[in-house]
Amino acid sequence: MANSKYEYVKDFEQPDPLLPNTWIVVRIDGRGFHKLSDFYKFEKPNDRRALDLMNAAAAEVMKDLPDLCIAYGVSDEFSFVFHPSSQLFERRSAKLVTTIVSTFTAHYIYLWATFFPSNPLKPPFLPSFDGRAVLYPSTRILRDYMSWRQVDCHINNLYNTTFWTMVLQGKMSNTEAEQELKGTVSSDKNEILFKRFGINYNNEEEIYKKGSVLYRQYALQEPKTIQTSTEDEAVVPEAQQSKTQQEKFKKLRRKAQVVIDHVDIIKDEFWERRPWIISGKPGKLLEQN
Amino acid sequence: MANSKYEYVKDFEQPDPLLPNTWIVVRIDGRGFHKLSDFYKFEKPNDRRALDLMNAAAAEVMKDLPDLCIAYGVSDEFSFVFHPSSQLFERRSAKLVTTIVSTFTAHYIYLWATFFPSNPLKPPFLPSFDGRAVLYPSTRILRDYMSWRQVDCHINNLYNTTFWTMVLQGKMSNTEAEQELKGTVSSDKNEILFKRFGINYNNEEEIYKKGSVLYRQYALQEPKTIQTSTEDEAVVPEAQQSKTQQEKFKKLRRKAQVVIDHVDIIKDEFWERRPWIISGKPGKLLEQN
Amino acid sequence: MANSKYEYVKDFEQPDPLLPNTWIVVRIDGRGFHKLSDFYKFEKPNDRRALDLMNAAAAEVMKDLPDLCIAYGVSDEFSFVFHPSSQLFERRSAKLVTTIVSTFTAHYIYLWATFFPSNPLKPPFLPSFDGRAVLYPSTRILRDYMSWRQVDCHINNLYNTTFWTMVLQGKMSNTEAEQELKGTVSSDKNEILFKRFGINYNNEEEIYKKGSVLYRQYALQEPKTIQTSTEDEAVVPEAQQSKTQQEKFKKLRRKAQVVIDHVDIIKDEFWERRPWIISGKPGKLLEQN
Amino acid sequence: MANSKYEYVKDFEQPDPLLPNTWIVVRIDGRGFHKLSDFYKFEKPNDRRALDLMNAAAAEVMKDLPDLCIAYGVSDEFSFVFHPSSQLFERRSAKLVTTIVSTFTAHYIYLWATFFPSNPLKPPFLPSFDGRAVLYPSTRILRDYMSWRQVDCHINNLYNTTFWTMVLQGKMSNTEAEQELKGTVSSDKNEILFKRFGINYNNEEEIYKKGSVLYRQYALQEPKTIQTSTEDEAVVPEAQQSKTQQEKFKKLRRKAQVVIDHVDIIKDEFWERRPWIISGKPGKLLEQN
């Protein structure tokens, strides 16, 4: 029995290749995590187990897809970054996004019991994530994107830390705390924490203040003293990266360890010491690996 | 600290709304399931547990998203169909596709242990799925899409059943069986099964021959005797379905039971007896629900 | 000298096929025609020469592209409609839209001197047009699109006729006329025209009230007495229209005369008497052709 | 009479914004110019009048759209380049492409009689153009695109010059010439021209060998001696170019003269002496303007 009579329906599939030589950021977000974090009794303002679970799942995604050069997570969101030279799945948008969302979800669900041994999953309330791809045409703008997420992390964490301290330690109602924080700036919140509760925000854990950065680890380099453009290295014309070279790089990347860091990614230092992230060229493997 | 300096990066997010008043099919496929089915020792030619697990996960997706009106699954793929009138997530493509892929994955991983109690998941070999959206502008073409998948199911299952019978019962090597089946038509395969192994293909289980259809159950209607177009009902201009009506329908759909069927969806009868699938208007609830 | 070093830049061209089996409407609009109509002293409220020029250019576009089945023009805009079965330029969006815009512009500029013999074009103030493609997934919605444009024509023409009569015959200032018309409904405007100026709007020329419809002329058919769906005929699966048949139809269409009509296209009658527009199947050629 | 009943059809218009901060190249091509150049008896291998007409029309497009920073033309094609910072028409693809195609066509048709006084246009054989937008994410790749077109110009012109000299002066048939040229490289063609016909290809006119470059003229700068990246200047985050600054730049650009040049645009010198093309910042106006 031939299937040709119906096969014309395949013509309705539309191509969705992403523009070559641009950074691809796939950002995923927890669906309904506000409600979910209540249901599973996440701790406020930050639940360390939930963040560690996010990071563990993200690390598996990084290991599974060596074309990813960096990822950044905060709260229930994670941004995965493909290098401009990546040709994975011919850069088809839906394929890239769904592969990341599904792989992440699979590990998140699988690892749940490890991080929440006493809060078992109860269907139909299973965590899930949506995602989308965004293109960034230059390294400068990609870094601004990363900075945007980390600044957002800081703003939200300072607010949440202050709010929940006022509620949990200060015995204020949610509405009272919200009301008082309306219109305050960072220094106001720092002061509330310090004067009323003796909390120095700077001493809060880095994972809460900075979010989580995942990347492959190689030997760190000295930070540059003279600023020069890394643009040209980063956005190499495809033609100049042969298939063979891409495959070789892919193998080398698989050998590197994926690390989870909680550091400043806004300043140049992070990027200068880890030039492989931007260049796409694997660095020198550490002996420890 | 204001985030405005970096917020311009949001302008790089591109809109991706799907054309209104068209059927949206989100088809998901297992990633690397050929290798995975070896790793977890799936039975050949069909592993009932694996199919039941697919169906169980798909049923959860249907329950989670009442805008889905039908789903069809075969092997490691599933097609989920949104009605043309659906406004879910403003019909944003990535949001719709990733939500389905992630929800499906979450339940698949969660339910694995139920269906494969003796083959526990072993990371990093976790099952995952990719997906894509395809638009079909008329009910006729949507039905042709569904027919395409069911014909494909039949063709593949007849081949696989014959192949694995030749290998497992006939003690042929994979290559020998492949060689002999090259160029055969359906009747040849039926004959091989019957003459050599005494197997009447028609007696094989319906789930293998027909795949699995999931939909909400209401009181069945009599099949039509006079053929009339269901087109006009199906593709109603949005303007004619108010927000209130959409919400009302959504609630009614949540009350209906999602059933898993293994029946012919190529002929008209299936659709005529279940007019709510095409019309998008909930039918009469069964008392049993 | 080989060009291969630079040829990788071709990879940046993105595909833009339009969804098969949907109506394609390419609507073009005059750029800055408000200013332009002042510059070339178009008559108010309607300049017959300008409309005839638009129609003449549109007729040439229709003759050039036999896949177009109907066009509708009003003021400085024109909508050209490709049949769902059209495979012209593999349905590439930019190719279809620019071809129409450029062909239209070429004839508009070329024919200007014929219609405006005493107002020669003065660069850089040359008329030009922009355009876009919009998809309509069913015949019902395509017809609603056409109705939308014709209702718009009526609304604008009634307003403009009343406004300019008040200004030109009533010696009111633009602001006074605008002020008085604010908030009026159709019957108010009809009354102003009739009571103050003795003008019966119904007697205005059809081209102003109805706009212009262009299509290929064949023998008219009797309007249907029993309403039946024309949907199925219209949106035939591609597979059912062979290349040969498409070519044959194309030739037949070239033989038909393109007519310019000013009639109601909202009611069914127009479409029922000219079934070839929706069906895409050429009718019976008139002997006069 | 309200139009609301039909206005829902507007929802079918899909957004088409082009990615911010990328170079936009709109390339237009003559439709059926092979046939057309026969019909209007264009001279072989190059018709100077036809090229001058192309350039004259392109210059008008440049003047009309100050956001264009450079254009390159060869044969019946022209590439228009918008700067990455351009926000014209909110970067809507169809709007940008059709505006260029239509403006170009309008001037081409209008100016025809000036350049071809003895070959008047004969409808329906009017010249027309199609077009498309392509995005280039970095200045390096944009320059490779420009180089690609200029190398193509050279390759085609050397071939055409040799071919037509063999046919017109050498009295060979088209087929004979074609046959002999098959598989030849540049040096072979140069030798045929020189040895058989005494033609030194280097002495051919620059417009034929190099094509035509159009840009706004400002005071030339010294070519750089030390190569530094111009990337960072070029691809400035939008946020850093205020609306006011954009408007100011637009006005300054209108004051500059658009020049038509036939020079090498592959080497760095062209770009270094005219840094305003890449930077998007108007240079110093010449007194002569």
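Labels A, B, C and D are assigned to the chains in the order they are written; within every chain, residues are numbered from 1.
FYI, a residue touches a chain if its C-beta (ideal position, glycine included) is under 8 Å from a C-beta of that chain, and two chains touch if they have at least 3 such contacts.
Being a predicted model, the structure only gives us computed values, none of them experimental.
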{"item": "Set of chains whose contacts include both subunit B and subunit A", "value": "C, D"}
{"item": "Between A-C and A-D, the pair with more C-beta contacts", "value": "A-D"}
{"item": "Size of the rotation, in steps of 5 degrees, that lays the CA trace of subunit C over subunit D", "value": "180"}
{"item": "From subunit A, the most remote chain by mean C-alpha position", "value": "C"}
{"item": "Whole-Å gap separating subunit C and subunit D, where each centre is the average of the chain's CA atoms", "value": "31"}
{"item": "Computed distance of Cα centres, subunit D from subunit A, in Å", "value": "42"}
{"item": "Centroid spacing, where centroids are CA-atom means, of subunit A and subunit C in whole angstrom", "value": "50"}
{"item": "Where subunit D touches two or more other chains, by residue", "value": "7-8, 12, 14, 19-21, 135, 141, 144, 237"}
{"item": "Residues of subunit A touching subunit B in the complex", "value": "1, 3, 6-10, 12-14, 16, 28, 31, 60, 63-64, 93-95, 97-99, 101-103, 105-110, 121, 123-124, 126-136, 141, 144-145, 147-148, 151-152, 154-155, 185-186"}
{"item": "Of all residues in subunit C, those that touch subunit B in their complex", "value": "19-22, 84, 135, 137-138, 140-141, 144, 229, 231-232, 235, 237"}
{"item": "Of subunit D, residues touching subunit B in the complex", "value": "5, 7-8, 11-12, 14-15, 17, 19-21, 237-239"}
